[in-house]
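Chains here go by letter, A, B and C, matching the order in which they are written, and residues are numbered from 1 within each.
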Amino acid sequence: MSADTVLLELRDVRAGFGSQTVLHGVSLQVREGEIAGIFGLNGAGKSVTMKVVAGIVPARRGDVVMDGRNITTVAPEDRVALGMAHVPQGRQVFPGLTVEQNLRLGGYRLRRRDKRRYGEALQRTLDRFPILAERRAQLAGSMSGGQQASLAVARALVSDPRIVLVDEPSAGLAPKTVEELFETLREVNRSGVTMLMVEQNVTFGLRLVDTANIMQRGRIVYAGPVADLDQERVAEHLGVGRLLGRGLSAAVQSHEAAAR
Amino acid sequence: MTALATSGSGSDANTPQPQSPRAALQALWNSVMTPRRANIALWAVLLAALPPITERAMPHLFTSGKLQTLDVAACFAVAALALNVLVGYAGQMSLGHAAFMGVGAFTSGLIVGRYGLSMAVGVPAAALFGGIVALLLGIPALRLRGLYLAITTIAFGVALQLSILRIPWISGGNAGVVLPRRVAGNLQLIDNADWLAVLLVVLLVVWLLDTNVMRSKVGRAFRAIREDEGVAQSFAVNVVTYKLTAFVISGALAGVAGALYGHTIGQANSDPFSYELSLQLIIMVVVGGLGSRSGVVAAAFFFQVFPAVMPAWFNGYQVPIGAALLMYTVARHPDGLAGALREARERREMRRMRGGAGDDDDEDIEERGRLPKLPALPRPSTLPPRPEVAGGTVLSARNVSVRFGGLQAVDDVSLDVPRGRIVGLIGPNGAGKTTLFNALSGHIRPQRGEITFMGQDVSDLAPHRRAALGMSRSFQLIGLAKSMTVLDNMLLAQHVLGRYDIGSALAYLPRTARVERELTERAHQAIAALGFERFTDTPVRSLSHGQQRIVELGCLLVTDPELLMLDEPSAGMSPGAAENLAVRLRELRDEQARTVLLIEHNIPLVLDVCDEIYVLNSGAVLASGPTETIARRPEVIGAYFGEAVPA
Amino acid sequence: MITALIIGVVQGGMYGLLALGLVLVYKGSRVLNFAQAEIGTVSLFLAYWLVTEHHLPWIVGAVCALLLGAAIAMVFERVIVRPMGSAPRLSVAVATIGLLTLLLSLELLQFGPSPRVLPPPIDGLGLHIASVYVSPTQLISLGAVAVIGAGLALFLRRTDFGLGVLAAAEDPTAVRLVGVRLSHVSAFTWGVSGALSALAALFIAPSLGVFTPGVIGAPLFVASLAGALLGGMSSLPGAFVGGIAIGVLEALTKFLVISRNLSATIPGGESIAIFAVILIVLLVRPQGILGRRAAA
């Protein structure tokens, strides 16, 4: 699946809030067609990295490049017009609006530019999520967590995006729902949609992504294929290696056994 | 000075020699009349003498009408200072301050006009009633914040003007109340210049009161409240009491201003004390600069005098132009003109100190990673000796649970912090660590649970009371009043050591001065221990993040607390600085015998520093125990790696 | 007493319109617009000027009034509010006080303090409900409210931009992530609120009879605020209903005071009543009767 085209890139980005610097020079690449993941403990800077990609937090130094175009100073709304779509943390569907209205908002920019493409994307999305087609008139706020998750993903897909940014998809969802979401995202990616995902749950995330970027205290300490990782190296890169000490392998094995 | 008669070689130059009476008087004069007091006396004489002398010497310079304009300006200057105390210092809104002026005017009107007493009774009575009305309004209203408080004050102002002040007994019908400028009996100050002298002296007195407030713990408490009430409470400031105090002082002074205004005009009815006047006052305070005495006084004079000196054709245009200027000023300089000047000055200072470096400077300090040693000051003499605590447990929590709506943020947590130990609290995002902290410090009320501190049940105590018992805590976003200087923050941190009451502060009695001197000296010692002397008068917000964190730690230590609660102290620090922080924290335990409870995401730091660890996940304690044993528990792995998803 | 009720409802209608505008702006920019009522008064003066001095038909005057109200609000938003970005809300509120003062002083300069009357569109064709005269202007305004209200509702629910406005009120950060420009939403909310002010002023002009600069002053503003708070600062329909409720409360209080001969003892008792309502609502249920979340 690896086209070697780099679709999205961060180059030596420095960013923070007020007097605090949270990212101390972050570089990463997302190749077309893959799912790339950003992992790290809280405070490592993965949310801030996502916000820099989205444009919500400005990069004080460094560049954000999409499709070869430097979008570092482009506003978040306009990045959406360039093909960036979001599945925000906590889904953030609009609870007072119906499913149909939520989807329509997903196509906010595309619909004016290219009605035909929007129509096709909408149809594809409704085909993929028949449950949403059924419940078009239902208020988004009255749906279950899993249904809202589907809606959030659908809302992103309606804009026929170049890349979908998925922010902590497993947060606040029951394990079974997480599994369903997992399947959905994998399927969407297999149909050709590139994704960049931030995920707190490493176990879940590593099964989904092709490339992993692991962060510690504002820097990327590992960027490479998931295949090259094992639990011990992951623990090391997250920074919990020393915490888990000598008994790590045994503990990890027993943990995985329990999960099976 | 008489020559010292020394006899013999062993004579000490410090031995007091008998002084002549003249020298003794000189010494007495020097001790009473400090440079500051001499300054004040000079101003008082000047202000009192200038108007009457000018008028008699150059009678055609100012017409009576022009003098009255100045009179009114002086009254509004007092009102602006009054409002400034509430809005500029304490950060509480009032859009109904004209009401307090009205209360003052009518009070003095009744006492002087109707009952024939002197203004010397009427004006203080105006202050008294202004304060009382403010108290009555403040008790319910100050539970509200920001916008809601503002709306309440507007409604109050309107109700007072249209209703209370029109009650016939008070208002004397449509004619209103007469306010003669009676000094005593039949002696009245008819002349506008003489009256101006009186007004200016009163203005001076109010100015002095204002400076006394700001020089004392009262002013610092106000400013801390304006900045961040949670931080103020963590420094043992009783936010409720101080907000009310600011309201009462402001109301009383506004009452004085109203009374003086009434006496200036000669009579009062409810008409002038309107919403529009309240808005004018706010405009004066905001444009002059919130928190700046000179700014608001200048603005008050400007607003009154400027229209009067403009030529006739301009008449009527000054208001729209002024309004446009107001909008422009507020948009460009939300802190008013004084704020803009201050900001420009600060930026020049910082550029000078940093030698022109920008963000790089932050990186430099962080990369070099050397944090100063944390101050180890002797226990303040005003505090009782360090108490012993039964069982050696400083802080103990039992079955603490906190629920927000549908979310159980803290779930039945129990923990103990033994004396002289560093206890760590770790766990993934959303595990409830900061919420637990907030429950322990009192910033949040848990639904269930008991918290015992130093052997005392503090579960029902407000945060400022727990802080006064010796519980210090830091905040993720740095718990300091960022607009105040390092020195002021160090003084604010010693709020609990300020052993004088609010009345003494207003008058700045010798006791107050002495306590302030002691606190200042201690603050300087702490700053020197940090090696931050060059930052003494720098506003905290101008420092880098790492420097701010250090100042915060210094402030926490200055009152010799029983417990330090630190919330992610290494957040935002480089690895080098964080390692150095670990060294400093260990020093706290080993050299100063301090007790620390620590939230951290920096696992290596936690392993380095903590004796015991509690692991929190989804609000509940997942595991706890000595550091080495915790490290190997499988639940901890699950907490950090995430629940395994069933395949 | 029925008379008092009818008067209260009519007056409350004006409060409701002003409250709607206040809540719209508050939801959009978290700002309390102190100039809300004065925008209406200025627009009323424009209508007066066009109808009386230039002899244009009433409807032209009314439409121009609405346009002026919208324009003033939108210009203010663009030139003052938007550049202030994340400045403290108090400062922005003070800026609206500046706008209030500016409008008031311009009215005085241009028209002076003498009272004016806006002639109604059709003379002598009012309604009498329980001995209260409801003038043609009010009837037309009521009709306009209905039309504009329905139109607004349709626009908000059916068009993309309208959906963006609704979504922005619920979640301003998430709505950026679908590409909605908040600046456009802000301009829209301010513009509509300005037009609502103008409508409110047109609506109340007949009840006032004559009008002068600043006629829709503090007491009316406070009453609208109370209505907005009562309905909940986050709820549009709530604001309108709240305004009417306050109008009724005010009228009933006046009626009670007068009928019990208390007006000498407690002049202006209705402003005390309104103050009490505001205080109680804010202390006990700050999200208002109809509001969902706690605002501010």
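Operating definition for what follows: a contact is a pair of C-beta atoms (placed from the backbone, for glycine too) under 8 Å apart; a residue touches a chain by one contact, two chains touch by 3 or more.
What you are looking at is a predicted structure, and each value in this text was computed from that prediction instead of being measured.
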A-C or A-B: which has the larger count of contacting C-beta pairs?
A-B
Suppose every chain is reduced to the average of its Cα atoms; which one is closest to the average of all protein Cα atoms?
B
Between chain B and chain C, what's the gap in Å when you average each chain's C-alpha atoms?
38
Using Cα averages as centroids, what's the distance between chain A and chain B in whole Å?
44
Partner chain A, residues of chain C touching it in the complex:
157, 160, 163-164, 166-167, 170-171, 173-182
Within the complex, chain B is touched by chain A residues 16, 18-22, 24, 41-44, 60, 170-171, 175-176, 178-179, 182, 199-205, 207, 217, 231, 234-235, 238-240, 242-248, 251-252, 254-256, 258-260
Residue ranges of chain C in contact with chain B within the complex:
32, 34, 80, 83-84, 87-95, 97-102, 104-106, 108-109, 214, 217-219, 221-222, 225-226, 229, 264-269, 271-272, 274-275, 278-279, 282-283, 286, 296
Chain B residues within the chain C interface of the complex:
93, 140-141, 143-148, 150-152, 154-159, 162-164, 166-168, 274-276, 279, 282-283, 286, 316-317, 319-320, 322-324, 326-327, 330-331, 334
For chain A, which residues count as touching chain C in their complex?
54, 56, 76-78, 80-81, 86, 88, 92, 94-97, 101, 104-106, 108-109, 111-112, 155, 159
